[in-house]
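Sharing a structure here in structure tokens format.
Chain naming follows the written order as A, B, C and D, and within any one chain the residues start at number 1.
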């Protein structure tokens, strides 16, 4: 940009720079590709996400995996923070977008936001040749939990079906699974500590997406790191769970549920 | 603006027009008044709100009443929709603004948003000389509730203290209370129907603010109507309750409360 | 529910009722279908949306159309309200979800929210046998614009490619297109008034979705009406455009763009 | 809580714990004080904030200072990120709360969120006896800017009036100003580097609030630290600026401003 300015190709600096889509011509372009071509080439939603978020056209097996992630994470019942806040807002009679945003704003470190951190941690550990046990004990020493490990109910004997589904697909289609295998090795070690310290869905998606980005041949090492640090994987969960949140809002409106008021006898008023 | 453009006072149309504050000079101006003067004149928060929302410097008794409204509506416990969603978001480990917005987004027709409608309805009815009983029955015929009337617990014998407080102040300081008195007359009629159809806090604030705006000598009839239609009174509740919502977020963070998950046994899964 | 309570099937009323998904068992169920089956049956994102929003498994041609809508509406450049606010928030250094929500909150009557209204209006008009010219003139008399009609740039000679794409697909796969054809008839009439009063993308998506819902054999007349009134079609735009908004947030973060401050010389300070 | 549970004072653990307000009785209690008493004692908005956020009744000079902060930070014109996004949302025809939240979500490290960090940094530096020059050079070595220092326009010769106003009040009423004085000493050092590296409004409010909390006699050393880490000072800016944001939303609605679309010629489409 600065060079272009200096060389006089641009008259004056604009206040906004944008690189992913262009609405000035006959039809919108996604990363330079006209929408009519996107449709003609039968690109999928996974392809469009790749164009707009990762600035690449990914191979079919990769964008198909992105779509599988969108499907398995679309909803997880009405009890989780996001769905709950969306339900409460819907019952307060608010519009769809207010309901959605009230729920989305709960997504973070403790709910739905462990994917990026799991990905970053597993990647750094494996790239630096740190053995699984050292990795786990290092985090423990820092008083941190292993992101992507642990589940309330699931155990070694009672696997999360969603993890199985994604792992199955990767085995059939991914060129490499070294980060996922590393995550599994971490799980083997943590399972010795407690039966429920399994690789959870966030850890599974996170490690497999690092494998996907690293082995699809579209990104340099540096670009993979950048994508993880931007928080783009978190974006996948956010988009996916939006399907469920909108569903919950419509569900409450359909049933004309009244204003929710949390039962006072479920609150400890610790005022003294 | 158009005239100014035509007369050549403005070179070209700007994309944004703004009238309430100006940040270009030595110090920000609120409606043309430099902040240092705002402070020197010992203006209060109620005064600043009047300048920025209503574009007027109100008499002291009026801005003091606005501050009383901010105080009595600042919080109403952890069980209401807004506080509840803020609490859930705080427990998901999110930043203060996400917690606040998640709660604010629940404010609307069923929670905290009856002030404007109560004000508009009572004003229209009294201005058009509609007797209280006709007013109530008209709404009933349309299948609508009387905004500003009704309470879960309060009854004719057991008044809401906050209504008493505001009414007391108005009696001592307002030049006129005709809209509040009309609201009281509506209450007299609805109380014949059921003991809990009292004038509630929203109806009280709404009707008194119409009295304030109409009798303070700062607004034309038309301007009062415009303020109500803009939803400015709703703004007072939003600002006031933000104090409570921020309080609840800080409260949960201080206690390091864990991720909230709604108990599954409190949900009816009506999936079949 | 009430009957179930009376008949003693449920011990006590729960505070929350939910019908679309169930997280209590081995794996989440979407409308009663286990996720592993969703994947095994190679259901698409359009299918999952139908299950969670419309409570139906739609025929393949229908869920494919939903996916096409998600693709063509995913982004429309950085200048529109939603993308702009997301960009400003990203440049303020905020997290992905804050950026997304700041943009989503602009979606409404003037930006992205004309789909539902266009659908409702065209449907009501055709169902009641109102001729296109009467329909347009009726709205004009009420001082309202025809939702789904009109474009800044596009004209009769210079069609919106996205409208062509969706129309093309519908012609090949939809059992019926009577609402779309009605919308086209309305367009023929408005084009006599001005060259740019074409059927726009919102009107196209809206009318085609009514055709889809009405002719797919999955919904009663009453259920179609309910879906439109719930604002579910608006949900499709919201979900779709979330792809673009997340893309814009990642784009700004990738380029490390500094804090945006709107140029003061583009503001008319109309303070006097 | 755990002790209470064990000792049998509480039947079963509630799902929510709350300590700041109580809505169960005749009238809401703020930190145990009935609202009617809050009003009778002529408590101010600053007092109510102290009760609900800091769990203390502060001396009058302290809550008055809090109110002054609310007043001087209430607005800073239409060009800053928050006001701008609120304006864009208002012009998209959205409700007041959507406008407010869209703006609030921009508040963070680069806009309005430097108060807490400035407070924490100045406090830590002075408490640990680090001389101003070492403090500045340490941050520089880490590639970090000094929070609370620097301004686009203001210089040593041309002070920010708002800083003067607050400083003036503190000199007259605060028992101690050691953190503010430390901030001033930092400014003296940075001013040798560049003429515009003055103590800005965030640094001023941040350091003075540390002085207030530390010298008012209501908090232990540990409690002051906790308040800063909770991000409570940020809350003051958020609440204060909400006045301005609501003002801007009402302003745009009053003027019936049309949908904003950012001018395409102000965007660099760097798509290749």
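By our rule, a residue touches a chain if its C-beta (ideal position, glycine included) is under 8 Å from a C-beta of that chain, and two chains touch if they have at least 3 such contacts.
Since we're looking at a predicted model, the values are computed, not measured.
Novice: Given that chain A and chain B are copies and touch, would you call their interface same or different according to whether over half of its residue numbers are shared?
Specialist: Same: when the shared numbers are divided by all numbers used, the fraction is over half.
Novice: For chain A versus chain B, what separation do you get between their C-alpha means, in angstrom?
Specialist: Spacing between the chain centres: roughly 39 Å.
Novice: Quick one: report the Å distance separating chain A from chain D, using the average Cα coordinate of each chain.
Specialist: 32
Novice: Which chain B residues reach two or more other chains?
Specialist: 15-24, 77-80, 95, 97-98, 101, 105, 107-108, 260, 262-264, 267, in rising order.
Novice: For this assembly, give the contact graph shape among line, ring, star, complete and other.
Specialist: Shape of the chain contacts: complete, all pairs touching.
Novice: List the residues on chain B that touch chain A in their complex, please.
Specialist: That would be residues 77-81, 84-85, 88-89, 91-94, 98-99, 101-103, 105-111, 258-264, 267 of chain B.
Novice: Hey, which residues of chain A end up touching chain C in the complex?
Specialist: That would be residues 15-24, 26-28, 30, 34-36, 38-39, 43-45, 48-49, 52-53, 67-68, 70-72, 74-80, 87, 95-98, 100-101, 104-105, 107-108, 158, 160-162, 164-165, 226, 230-232, 234-235, 238-239, 242-244, 246-248, 250-251, 253-255, 257, 260, 263 of chain A.
Novice: Where on chain A does chain D make contact in their complex?
Specialist: Residues of chain A touching chain D: 1, 10, 13-24, 29, 31-32, 95, 97-98, 101, 262, 264-272.
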